[in-house]
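By letter and in written order, the chains are A, B and C; residue numbering begins at 1 in each of them.
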């Protein structure tokens, strides 16, 4: 394993992996600089860039279609939903980990199983509820159901992290007379902070691209999320503007590229620290 | 007109100005100078008070599948300065659009004052009584601009989306109006390559035999003799099969849903024959034709790889736009082929625009005013000129400037004037029936079953669905 | 301090049962109540819906008992969708586990700069599924897609990716794996990082080869993470429809219509709300049975692994 030739092969493989991984995005980026007709007529696409065309495509996507504001909406909604899910989920996970009670394990499993329901089974009722309380077409109207979507996962991951913390730590505090709230707040939270980040990121991951509930709840263009914006790309009964679709792809990939390059190390580190349950 | 532009802008708050500028910038590539050159307000009557609902905020739910929403975005600054109202546009793709529409129509109050509905859904949506009757607005000179001219709309489009007799549930009967043909109409025409046909000494085909013969003759390694929708796609049934079926004497349904004897004739000789025509074209079609839906056919034709096909006339936009097409100069159009003795005709497409009955009552009159603006002659002409979509007004088809620029309009008008409502669109199960047909026909084109088997399978499944839904005893 | 120390146990001990219950309620209450409102209640609502004939415009929403379920069992399209779901979930999860574990082992080499490649490889799972679908439609376009072009350039015939019924579901599996192998990778990799090093050192002292070490030591210890990731992937592959929406729209000839897409189509495209709810509930039943069995297995393995 430590042999030099082996190491070189490994590096070659690493680079190849990176190239294969990035290739589809490069292709997407190249297509996004073209006229529609060039995409279907030039195979493979050439690399001569026409700035006027690029400006035009991206202008269309960012401003005319509003992808910029859709991205912002997604960020706001997912951040708020994740924050609430963490606020509610962390104490619950602590209770499952430290305050075992009758049936606590099966309750925890039941909560995780909420994560598994098909969106199609709940989208319509959720929409009707949101409408009844007058939150249709508002940020809270999407945030409320999204909290429910990420909560089970947040709780489940946090139980794992709390379980990892040695019991002596909180038992010592307990003897010192700390209540569970004090222990959770001032002793446990600092310890499990990487876990909270992990849980939040995983919670966010699965609502970032949610489509069905958003489709029901959001009416106005100004509140659309990324996945709603992307859905307008595909329609069977229209010529697809491949260049615009590619530009949408690039625009939606950029924020997550940043995320993926820099934040993934914390996910892995967080998951490693808490080990996966 | 210029006064209007200049007078309008300073009153707008900064935010609106910037937004308008962005919109204008985005539209610039396609519409350079159009806003300045093409004065919509000039066309409007002088005495009519366009500003009486100034300040009202309206919302429209419309299709984002075609270019209508782009045209609207281009002209939005004009709308705002003409009427003083603001209009928020929501324009999803077809599936989400239908979902959102039903959701709003069935709610206690619709979030949208204007809703754009597909002609195929008129019976479902208008027939169920969800839309405001518009006759009183239409007849009131204070509400309707003098030059708006309802008679100018294409009669088949009006029959398909506007007029409905709710008591008997009959489309196109009576005189009650619930929606206006908008933002575009459409049917099917033949697109063919003039250069290739001329070189081979051929005339555009008038019969299906001629169509087939031309395909055989023009087929080369680079150019397919003919194409059609071969994929499991909405238009396989509604464009390619249905056109061949009715123009060879087929009658899709007998009886009526109300009479509970709504029986399909898919397995009739005409039905099997129409599908067989497509199967017979396979050797002269693009190699991947069984994967060709709407998008692939437009891509293939506009890159010069297809010699002829019948298609929705709405694709005139991309085909005749040199920006998106290599065959803009060499494409000709003609009516669809037909069996001798049959009128060349195809399916009636297009959209209607109505005001939901459950819209905010305080905004309905304003919504009507906006509706007349959106369906005005000037707007329709702008859409046709800029995006080459199918006009819904006869005046746009006959506009001398437009006809010179876009000769296809003549054929498009002829097709729109003879178009036939597909009878399955009279029941809510339309999309489901269509899906069944596309799946089985696609399988036949893939070679897993012959035309007769495919048609009998569709026939059997359709009868099942119709029975289950109570349209067939 | 001394007072607190001596008094705390005596003061809290007797009242502890009550306090404890209150604490549990305060900590768990918000989450449980939240999920009852936003998860359980909607589920009950759909259950009721599945016993009605509600449709977008025609159906009245009358109670029809088990009619939807009876129809479902005799509906060949339902069974076709169930078959497609089974094929898709099995193949996708198997492929993703194998690739995910292989990637995790590779990144354990800790090469310089590997975080960049890791970041690239994680990208797909963050992408909007509809965009993924459209992107792959472009990559695999039979006329101008770069993949078919490359295959032809080296003299081979490209597969009929989305054109034939048998191939389309494989293509769906490939694209789903492209998007979600990173998820399996991250979970397994994290577990791998957390494994105690001494076990491996002991193994290499014993002279065990790399393959034996992997098969007899590493893999069993990774098992909890693998099963966890596999269950997650199985469930998500089973219930997602948006990738199919962008990639193949269920075709050709319903070859990629899975149960999730079938439910979506019925509820959304055909507006047969009652029937769609029945399909969704049949999915829930399959999921409930499937995950109970699998999660029990996870618990066992977790216990063994520690």
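Observations on the model:
Definition applied: contacts are C-beta pairs under 8 Å (C-beta built on N, C-alpha and C of every residue); 3 or more make two chains touch, one makes a residue touch a chain.
Here the structure is a predicted model, which is why all the values come from computation and not from measurement.
Ranking every chain by how far its Cα centroid lies from the centroid of chain A, the top place goes to B.
Chain pairs A-C and A-B differ in how many C-beta pairs are in contact, and the one with more is A-C. Mean C-alpha positions place chain B and chain C at a centre distance of 40 Å.
Chain A and chain C have Cα centroids lying 14 Å from one another. Each chain gets a centre from the mean of its Cα atoms; for chain A and chain B, those two points are 38 Å apart.
Looking at chain B, residues 95, 99, 233, 299-300 sit in touch with two or more other chains. Chain contacts: chain A has residues 40-41, 231, 233-234, 236, 240 touching two or more partner chains. Each of residues 143-144, 249, 268 in chain C touches at least two other chains.
Chain contact summary for the complex, chain C toward chain B: residues 55-58, 71, 141-144, 162-165, 249-254, 265, 268-272.
Residue ranges of chain A in contact with chain B, taken from their complex: 35-37, 40-41, 56, 59-60, 63-64, 127, 131, 136-137, 215-216, 219-222, 228, 231-240. Those residues of chain B whose C-beta lies close enough to touch chain A in the complex are 22-23, 25-27, 29, 59, 61, 64-66, 70, 73, 88-96, 99-100, 103-104, 107, 111-112, 233-235, 293-295, 298-300, 302-303, 315, 318, 323-326. Within the complex formed with chain A, the residues of chain C that make contact are 4-5, 7-9, 12, 20, 23-24, 26-28, 30-32, 34-35, 37-43, 45-46, 49, 106, 109, 111, 113-123, 125-131, 133-135, 138-139, 143-144, 146, 149-150, 186-187, 189-191, 193-194, 210, 224-225, 228-229, 235, 238-239, 241-242, 245-246, 249, 260, 263-264, 267-268, 273, 276-277, 279-281, 283-284, 287-288, 291, 295, 302.
By the touch rule above, chain A contacts chain C in their complex via residues 1, 7, 10-11, 13-15, 17-18, 21-22, 24-25, 27-28, 31, 39-41, 43-45, 88-89, 91-92, 94-96, 99, 101, 107, 109, 111-122, 124-126, 128-129, 144-145, 147-148, 151-152, 155, 175-177, 179-181, 184, 205, 208-209, 211-212, 226-227, 230-231, 233-234, 236, 240, 242, 245-246, 248-249, 252-253, 256-257, 259-262, 264-265, 267-268, 270-273, 275-277.
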